[in-house]
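Input: structures, listed below.
One chain, subunit A, appears in both complexes that follow, with subunit B as partner in the first and subunit C in the second.
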Partner chain A sequence: MTDIVVTLDRVSAIRGVRGAMLVSASDGLVIADSLMDGVDGQAVAALASSLMGRLRRTTQAAGMPAPEIMHLKAERGSLLAVPAADDVLVVAVTTADANLGLARLEMLEAARALV
Partner chain B sequence: MTAELAADPGSLVFLELGETLRRRGQPEVALKVAAAGTARYPSLADAHDLLARIYSDLGDGEAAFDSWMDALQNDPAHLGAHKGLGFLYFRSGDLPRALRHLELAQSGSDDAGLARAAARVRAAMMEGGASGSSAPASNAVGQDLPFSLDDSVVSQPAEASGPEDELFLGFDGARDGLLLLDQNGLRLGGGLRDSASRDVSDAAAAHLSGVSREAARTARLLELGAWLSVAAECGTGNLHLSAPSDDTVLLTTRDASVPAARLAVIAERAGAAARRWLERVA
Partner chain C sequence: MRTLEPWVGPPLDSFLSESSARLVLLMTSAGQVVAQHGFARSLDVMAASALGAGIVASTAEVARLMGEPDFGALVHQGGGHGLFISAFDTPRGRWIALVVFGEDTTVGLVQLFFGRMCAELAAAAPAETPRGPVLAENFEHDLNASLHALFGR
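Moving on to the complex of A and B:
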């Protein structure tokens, strides 16, 4: 668990990242997190898993492979999710001016480390 | 588009405006629009590509060459730049380099016209055609061209036969990589095909309205404001979902050779086209 927390802390340390967490993709529950105050981890987990599930069904219907990275962009920030092994999502919430490129790389690295 | 650009000089609508002016036979005006846009977005390969096509129309092959090289510096796989350089090298008689760029363009596109062009260059080489190695000059060689620049740079739908066909007229992927749907998951225009070329428009549309609702709900509950887009990288392909208007959803897909950030630019242009189309048909 310590390794996982260190991994999440590395994602959370990126400029503009308000928090990172591991989420169960099938039931939307929090496995581990590293969040700033004011971020509702349970809501993030539930919404991210639900959105990723819908997106996965859409890509399947469109004959595309399952998403490897999902990025919801909104006016005041973003939600990023990367599927990892064993039905787990690496999820991050960011501000609008976050370093998304670096966050993307760290999340992919975190997902690989979980395999 | 002119009004839109005047209201927001930072808008990427200059790409579409410049292209429209070029096609209308107003290259000088198009050049001003493209030059201003390129100055504002010096790392946007599409802007350099537009500038190059206008220079080519004006007969300035050297400036076109430089602009396409600038496009490749920013995006080494840029399809339009490789097509354009293939065109220029062919025109200058440097068939090996023409073929190299056409083959690089082919690696990122299944455009049948490109394959025919490359085949014709190969045939010309077999027949002992010119093979100089200098950089291409303007209108240097008077031999027949294997394809027209317009056909090579922007794939055109065969013919616009109705309002729906006009929706993404002139856009790459107008019928297989751009899909506009309403809030109920019903297709308004465009189309989507899978890797086996099967039409999957309706199946994808049925799911997409749910994704957009979920995206809106997620952004609202996480206090992120209104949702702007959902992008996904899916191994062999990327997709981008946006809302051109309050009650429509636009899906833009491309293969993985088109990076997610560039796909967002394409989606923004397609979204602007969708908004204009919706105003016309309303």
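Moving on to the complex of A and C:
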């Protein structure tokens, strides 16, 4: 559990990242999180897992491989989600000016570490 | 969806569309049905409401034995369906929700939008009007009116 917390802290320490969490992909429940105040972890977990599930079914129906990363860009920020092993998602919420490249790299690294 | 009182409709409708739940039963803690969605037979509703109220009462007792004030919710996850049961406070007293959901949604989504429905119900509840005494001669009429509201027959 300590390793997971360290991994999440590393993602959430990146400039502009408002929080990172591990989410159960099939349940949409939070496994572990490192969030700033004002981020509704339960809502983010539930909606991110739902989006990723629909995206996976969409790519499957289109004959494409499963998505490696989901980047939902909004006016005031982004939602990033990366599937990891054992039905787990690494999810991050960022501001609009976040260092998204570094966030994506750290999230992919975190997902690999969970395999 | 059918409700005994119209103000319950919009919050429940919103919950149904957001959570993709398949069956929903809202009842008082005594087991009296307030609203239902997805049930086709009154017998199923009566059985589900009695069992749901029993489950909530049993888990409340287990919580008491454990020194917990209450359990927030109870989830059973099956192969194709999940069952979510939770008691919640409304201005009309403590109610129980029994929600059956399928593989097209998740327990996280059901929990999230259930919380919002509880808040919307609390905001939408009108001030309670005093009720007259329950009289034996009115019982059958009241029962039939409730069944008609919940099942349209």
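Note that in this section the second predicted complex is superposed on the first by the 115 of 115 C-alpha atoms of A that agree within 3 Å, B and C clash if a C-alpha of one lies under 4 Å from a C-alpha of the other, contacts with A are read in each partner's own complex, and residues count from 1 in each chain.
Assume contacts are C-beta pairs under 8 Å (C-beta built on N, C-alpha and C of every residue); 3 or more make two chains touch, one makes a residue touch a chain.
It should be emphasised that the depicted structure is a prediction, and the values quoted were computed from it without experimental measurement.
**Q** Based on the superposition on subunit A, does the combination of subunit B and subunit C result in a clash or a fit?
**A** Aligned on subunit A, subunit C fits beside subunit B.
**Q** May I ask for the angle at the C-alpha centre of subunit A between those of subunit B and subunit C, rounded to a multiple of 10 degrees?
**A** Between the subunit B and subunit C centres, as viewed from subunit A, the angle is 120 degrees.
**Q** Considering only the touch criterion stated at the top, classify A:V93 as touching first (subunit B), second (subunit C), both, or neither.
**A** After superposition on chain A, A:V93 lies in contact with subunit B alone.
**Q** Could you tell me if A:P65 is touching subunit B, subunit C, both of them or neither one (first, second, both, neither)?
**A** first
**Q** Determine, under the contact definition given at the top, whether A:S78 touches first (subunit B), second (subunit C), both, or neither.
**A** Once the two structures are laid over each other on A, A:S78 reaches subunit B alone.
**Q** If you tally the residues of subunit A touched by each partner, is the higher count for subunit B or for subunit C?
**A** Residues of subunit A touched, subunit B against subunit C: more for B.
**Q** Thinking of the overlay built on chain A, is A:S50 touched by subunit B (first), by subunit C (second), by both, or by neither?
**A** After superposing on A, A:S50 lies in contact with both subunit B and subunit C.
**Q** Looking at the overlay, what does A:Q42 touch: subunit B (first), subunit C (second), both, or neither?
**A** After superposition on chain A, A:Q42 lies in contact with subunit C alone.
**Q** Tell me the contact category for A:I31 with respect to subunit B and subunit C: first, second, both or neither.
**A** Neither partner.
**Q** After overlaying the two complexes, what is the shortest C-alpha distance between subunit B and subunit C, in Å?
**A** Checking C-alpha atoms only, subunit B sits 9 Å from subunit C at its nearest point.
**Q** So subunit A touches subunit B in one structure and subunit C in the other; where do those two contact lists coincide?
**A** 43, 47, 50
**Q** Can you tell me which positions in subunit A touch subunit C when the two form their complex?
**A** 23-24, 26-29, 42-43, 45-47, 49-50, 53
**Q** Would you pull the subunit C residues touching subunit A in the complex into a rising list?
**A** Residues in contact with subunit A: 77, 105-109, 111-112, 115.
**Q** Mind listing the subunit A positions that touch subunit B in their complex?
**A** 40, 43-44, 47-48, 50-51, 54-55, 57-59, 61-79, 93
**Q** Sort out for me which residues of subunit B touch subunit A in the complex.
**A** 192, 194-196, 198, 200, 203-204, 206-208, 210-211, 214-215, 217-219, 221-237, 239, 253, 260
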